[in-house]
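Chain nomenclature is as follows: A, B, C, D and E, assigned in order of appearance, with residue numbering initiated at 1 for each chain independently.
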């Protein structure tokens, strides 16, 4: 983790003034046969090149929906989503997504084939290169022993690690991760976080990261969007660059964590009041 | 949370000497067409009446498998599992399980019906009672607004909350929970933890709890089983009674957390060594 | 079945006119009353000889009616056990080989480009008639010389194919009324009539039963035979009335004049006496389609008819 | 991350931006989480119009093909068929004939559905049951109904019972196959949840497996329905009927014999129309109120 | 937690137990995580034996029923059928007849599979395609093959092409129905993952939807296979073929006309045997190497 020293070597020449991802006034709704469910209401935020942007908010506030909208799977009913200035119209391999659900791995492919699949499907790599790359990424998520196993033989956390390896192997413009580490134990989680930061340090890609852990948000993110409960609206945007695992105990870290906590707690009190005993 | 004061009012007369759940020398294996995967190796532990027993271990170490074996879904190839002295032969509503996967809710039932389903199926309650109870539990997991919605319209965390409500409504002899709060945000998670402890305080049921968060283990559990990486073997059993949310900052808490951390880290070093760079 | 109940299966087509008359005029009931018996008659319509024999053998019907071929087959197979025999003939009618190929005057003119449609290749009356004709023309033992040109096709489909002129089917052996419908088309002409092949009129359709039915229901049987004879008389007395009955019974709106013209044709005779059934049996035995050879036509019929002059 | 890493992008860093906090908008119209759809949106979901267009296109194609073929004895035009249909309905009681067929069909269908459920429940609960089902299915499924009718007649006599037997044969195997396949693809987690409730035996099948496998079962029901028709018509065509109560197949057979090909097609169109109604009313209703509502299919 | 809470269990507390730490056993035999199954375990998985027992039971039942019925002209015994089968194979070239049928069948089947894939791909990618498929299926699926043969003859002449057309009709619709139902039940997450890879159009269907819907497709293939046989036999029964190259259906038809019922049953047994082989060898092999290996079915 001591390789993680970007602030010293920033190359400000490349700093792009236009945001990579521009989400403005996005309202997301699910139409079903009888209901119209509003998931988020007029959310706007910008993500710049090489940012590690975290979406934080209570369960059901529309984090996954926002990520799906950026992924191009869900069209906003209001507002616009622009990637590199172009409106997002559909999904594509430039935005690799790690889904929250465990059934995101095609069950007919082994772990290795699963990681190779998007590389080959998008034409990003030849078969040999894809295989090499896949094995490398599988090793990074510590699943080398299981490379030739089908997903149904994996535990929940192992499945999610495969999904992470798959997304990382693609080295996309922007990585969309929906609670990728939620199913992982403290240790594996920490290792994956470090792996992600290490990789970021190498490649300076952009991440849009959904998490429900304040600590994780602070460690992984460089900027945090705090969302209100359902329907999700923007509550605050905070900077948190510079915290790594070693900063967890520091007063600054604890301060920020406390601040976010309070923000979330404000709602808590409200919600609890409304609850039937 | 100030109602959570059990140590003062312990009724030692009822203390049962025989463990409620006795897992001895259990080896779990998955047979597939070509492989035999050992998930856990000769694991033994005892859970006593009213204990909050936590299984802690790295991803893929066999925690879910152990829980499934206790649930009666997976027969051990070696060793025995006894509940109340009787060998576990199959699943039953005396051991309600919260699964790790998000697809554990029958999609053809609404949230309310889902919570009522096991109550009715096991004959534990009449329709009217079941409905009343279901609505109460749904309110506790803060989903009253979604009581008449089908699961496919819920977010990941909401689905898991329904599963928790469903299990709690059953008030089983032993509650089996497989990372039930993993998909929840910090706030909801804390609320659910408190809810669980509150309920425990009222009813003194027994919980077998899988988690990957050391903090959660210490807060929720009264005793912790630490498992080694795959295949899972018992590494340690620790007491952690008396820590609640307010104890998180205390030195004792931090000590225990650190101790467990080190235990897990011991492996970490080993594993990392074995990793291809 | 108990005495007083009879289940008769008829088929679609003019050949079964005597049965249609029986049904329409309630003649069986009438003859039963004369014998002091209330007979309940059940009618069933089946679509072919094979279905008929299946129904008879499974005791779903008492009397089955179809062509000579199915009778000879079931007689042969049940000889010695169920003993199915014919009660009476229903008619004598010719079968024509018709063609749309103007160059075909005799069988020898058929080439490999032609296809002759039959209800069932190699089996059934039509196929046997063709084989007999071929043997006559090509020489002893060569009865199957044209079998390779034959194609199985139900009458209506073959007729439609022939009339439409847009398929490979150039020849067809059917029976009334299809062959008459075909001949109304100037493009279609007759190659031979089965009467030429067999040397005169021959029975086309018959009605038959298991021996057990006759021995257990002598009065019902007698009433049926009497009624059938009366039906023949009704038809032969007034073709126009018979045509009316046919049209009433078959619900279709076939042209009445056309029906009368067929009935008026002297080739088509309605009589209970069999004609040249023995010749068919001999041929089928010769080509191996029958294991048993009847000594005379009388072996094939119950004795009630043995007084008739048949062949 | 060796090999084909993208070209290094240098040590870029995002611009440093100010933090901000906002007050959340009061819950106005967005507050009621579940607002019903507007009537207009509801109408937009009706597929009847698009389906009707497809039907019209098929009819048009038919008319053109038939006119071009110009062979009314084998392939009448759509217009001629409609005329014949009209006439058959008013003058020849086509509808009551269709009803005769339909009632036999419904009986056979219902029996087959019950049998299929029993058979697959048995198959799913025991290993030998599984073998029995899979062996019987692979044995009997390929047998044509016509081959079975003679045996049916032997056992049940002529008439509706035999037809029903053949119908059951036609529907049972494909339905059992689909149902069983549906059962075996129910997710392991759902299966465990059900057994956790203490469900077992027939209650497990009825309250858990059947709804969970409902998309597959519905397909089986559709396929079975189609094959019931196919079989009934074929059986009537080949074997005729008992007195007086001719069905649709007999109507087709009779008119074919008289070379009224337009009426033959009218009979077939009746079959098609019944099929359309059943698919678009009955099955669609079931689908909307089950698997679609439950989000089990798109 | 009001209402029916269990009786309060008092303020019980568990006994206080000592903590302990253990050293983890060295990785002995348990170390190699994936140990191959022993030969004995492998043998235990063979189902051939159990299936054979089922077959024997069916044969026995048949023999008893036929002996009891004692009507050899309608329902020969199993023994008589086997004898007739033996004779038909050696003296009447039954095998080559079966081969004739089989080759026509395979052709029709293959064409139908391709068409079904195309049609459902179209249906799954556009809304109107969906309507077209569902309308066509509900229209044509119930039509019996026999009703279509005249039109087939008109367009394709006599012989194998018409039969193939009818076969395609028999297989296409049920297969398309199953495939489409399979496509629509693919999980939304998997669907999104596929589109995330940049897959679209036919590549999306081939590399994602088809494997994901494979359990349903396999059922469709099985049902289609069975119906191809049913149709071929029925079509040959009713329509025959040009005399030289009679198939199995023709064999059955001819012998039925001549009342050689034991041979009819011999023909049917041939169909059954082929069905068993295809199910237990071909489809089983496919199943083992796809959906079972992938853990998509139990």
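Going forward, a contact is a pair of C-beta atoms (placed from the backbone, for glycine too) under 8 Å apart; a residue touches a chain by one contact, two chains touch by 3 or more.
Computed from a predicted model, the values in this text were never measured in an experiment.
Under the touch definition stated at the top, chain B and chain E share these contacting partners: A, D. Matching the C-alpha atoms of chain A with those of chain B calls for a turn of 180 degrees, to the nearest 5.
Averaging C-alpha coordinates per chain and comparing to chain A, the farthest chain turns out to be C. The interface with the largest number of contacting C-beta pairs joins chains D-E. Look at where the CA atoms of chain A average out and do the same for chain E: the two points lie 43 Å apart. Inter-chain spacing, taken between the CA centroids of chain A and chain C, is 83 Å. Chain geometry summary: the mean Cα position of chain A and that of chain B are 27 Å apart.
Distance from the chain D centre to the chain E centre is 17 Å, each centre being the mean of its Cα atoms. For chain E, the set of residues touching two or more other chains reads 33-34, 71, 74, 150, 153-154, 238, 256, 293, 296.
Along chain B, residues 35, 37, 101, 103, 136, 149, 153 each make contact with two or more other chains.
Residue positions of chain C touching 2 or more other chains, listed in rising order: 54, 57-58, 154, 157, 160-161, 164, 166. Interfaces, counted as pairs of touching chains, are A-B, A-D, A-E, B-D, B-E, C-D, C-E, D-E. Interface of chain B with chain A (complex): residues 30, 32, 35, 37, 56-60, 64-65, 100-103, 136, 139-140, 142, 144, 149, 153-158, 161, 179, 182-189, 191, 212-214, 261, 264-265, 267-268, 271-272, 275-276. Every residue of chain B that touches chain E in the complex is listed here, in rising order: 6-7, 9-17, 27, 31, 33-38, 41-42, 48-51, 124-125, 129, 132-133, 136-137, 171, 199, 202-204, 222-223, 228, 230-231, 233-239, 241, 263. Listing the residues of chain E that touch chain D in their complex gives 47, 50-51, 53-55, 58, 69, 71, 74-75, 127-128, 131-132, 134-147, 150-151, 153-154, 173-174, 177-178, 181, 184-185, 188, 215-216, 218-219, 222-223, 225-227, 229-231, 233-234, 237-238, 249, 252, 256, 261, 264, 268, 271-272, 274-276, 278-280, 291, 296-298. Interface of chain C with chain E (complex): residues 49-50, 53-54, 57-58, 69-70, 73-74, 77-78, 81-82, 115, 120-124, 147-154, 157, 160-161, 164, 166-169, 289.
Those residues of chain E that touch chain B in the shared complex are 1-6, 8-17, 19-22, 24-25, 30, 33-37, 41, 45, 288, 292-293.
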